[in-house]
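So, here come the structures, one by one.
What follows is chain A paired twice: with chain B in the first complex and chain C in the second.
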Partner chain A sequence: MSKLIRMDHTGHSTVAEWTSEDPAAVEAAVQSFRAELERGYLAMVSTGPGHAEQVRELPVDADLVILRLPISGG
Partner chain B sequence: MGAQAQPLDVLPETEGVHWRPRVDAARLRRVGSLWTLTTVAHVVPFLGAATLLMVLQPLALPVAIACIAHAWVIPELYAQRGANVLRPRAKAADEPERRSVGLLGDLVGHDARELHARTGLVLEPGRLGPWLVGEAGAVLLYGRRRRRAFCYCIKVDGRALAATGSAQPLPSGDRIAHLLLALRADEQGFATVANLTFAGARWRLRRRMPAVTRLAVDAALRGLDSASRAPS
Partner chain C sequence: MRPRFLIACAGCAAAAAWSGQAPAAGSPPTRFALPAGALRLSDSEVPASSSAKITFSVRLDRAVKDGRLALTLPRLWIQRSPVSGVPYAKLPVHGRGSSGRAKASRAARVVSFAFMLARDGDSARFDVRDNGIPAGTYRLPFSWREGATIRARGTARVVFYGGQRPRRAATALSADRVKGASARRRGRSI
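For the complex of A and B:
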């Protein structure tokens, strides 16, 4: 089961869950993903130890996609 | 959105600071040298004035001592400013804190998790050097034997958070996870977006840090092999 989670004031919230064998769940996850990007979130996936990558389309085969907010110098 | 035009391996936030040169090893060396020169320019005149006063009029000893104190205090104040980037912020409620730390734990390895539990900081190996990531900033230990510390103030953009409709602050684990993911995606971009607060001697920074967070510096110096980057 793949997950799309958003880091927020609750710790994190699960926005969508899907398996690649379930086209309806994938489509719902894609819609949710786009909606979160519209809200200003950035999507990240881990690409190996110590590496992460920003994605602009939902990687359906990823186990975990994390939505983060932009950062800025304090 | 303008950020869409940027390559995916470049942090989109760098577009907001387009006037800044992208940080790389050469730039770090240059900034470090400039920082040392600036420190010398602050310290030497005070020490010179103290010496001159004593030569001209030994009765001016109190003024000479004040000059020496200035020469000591100014670099210390800069180091304190650097250490402040790793200072923990106000905690959220217990449940969000627990959930956020759980997520952070999923992103790092066992040793890094343990270190975070003890110090509140995450040790993250980078190509430029080991990073200590806190809730509102990060420190890069750089150079031969990691003798120079670059302290960066960087955090989740408050305007972006407000734009999501949430007025509540993020819990500590999420604050660190935001910085960690950005650092992992584009280390140089991360250092470019962040505001530099200190680029001086590691020993000077370490002395200004709370005892518990000094453990994280020590862990970084012990070697990165023991601090796994992520679960396999």
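For the complex of A and C:
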């Protein structure tokens, strides 16, 4: 099960969950993903320990996609 | 409102001068005087989920033979979110010292700022990067030890706020500014 997680004031919230075998769940996750990007969130996917890559389309095969606000505070 | 502090050095002259210093009314203090210097926080209020970096630093204002500040991080900060499995904060094991006489390091929740044969002006710092810490007020107790004796204790507070930054109560100065701005808009002087 893949997860789309948003970092917000509550901590980490689940925005969407999907499996690649479930087209309806994938479509819902893609819609949610786009809506969050519209709100100003950035989407990141881990590429290894301590490394992440920004993505602009939902990587359906990723286990975890994190939505976060742009970094502040230097 | 000033926070209350527990002064451990009973009868110690430094106790009288040892207090938190608030940057603005209502904000948690960002500076805490210590018997041999000060603990500073780069920020005591940050927006939640902004990936903000908070720097804790200790700077000496006199020579110290063997001194150590132990700062305890909130339990949640070293944990992982049960939702994502991702750590709530990025916490390095080591910080930075201004020289070989000053070091900062972390073991689990405790960040130690250690000074050996240190001089006036030596400093050490440690960065915490928010990685989804939930909104709330977090308490970080600390103690300053020289040799085997704890000379001072206190508690720093860091607020992660959700939504908009809390509004400050108007001060006499800010009220004057507002009054002045309204008068200028109406073409009057005050």
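Observations on the model:
Please note the rule applied: the second predicted complex is superposed on the first by the 71 of 74 C-alpha atoms of A that agree within 3 Å, B and C clash if a C-alpha of one lies under 4 Å from a C-alpha of the other, contacts with A are read in each partner's own complex, and residues count from 1 in each chain.
We adopt the following convention: a residue touches a chain if its C-beta (ideal position, glycine included) is under 8 Å from a C-beta of that chain, and two chains touch if they have at least 3 such contacts.
Everything quoted here is computed from the prediction, not taken from an experiment.
In the superposition on chain A, A:3 makes contact with chain C only, not with chain B. Of the two partner chains placed by superposition, only chain B is touched by A:54; chain C is not. When chain A is checked against chain B and against chain C, the one touching more of its residues turns out to be B. With both structures placed on the common chain, the touch criterion links A:66 to chain B and to chain C.
When the two structures are aligned on the shared chain, A:14 is found in touch with chain C, with no touch to chain B. Once the two complexes are laid over each other on the shared chain, residue contacts for A:35 go to neither chain B nor chain C.
Comparing which residues of chain A touch chain B with which touch chain C, the overlap comprises 5, 7-12, 64, 66, 68-74. On the side of chain A, the complex with chain C involves touching residues 3, 5, 7-14, 64, 66, 68-74. Across the complex, chain B meets chain A through its residues 4, 8-9, 11-13, 16-17, 85, 92, 95-100, 102-103, 106-107, 109, 124-126, 136-137, 152-157, 160-161, 163-164, 166, 168-171, 173-174, 177-179, 181-182, 184-185, 190, 193-195, 228-230, 232. Listing the residues of chain C that touch chain A in their complex gives 42-43, 46-54, 81, 83-86, 88, 131-135, 160-163.
The part of chain A that touches chain B in the complex is made up of residues 5, 7-12, 39-42, 44, 46, 48-56, 64, 66, 68-74.
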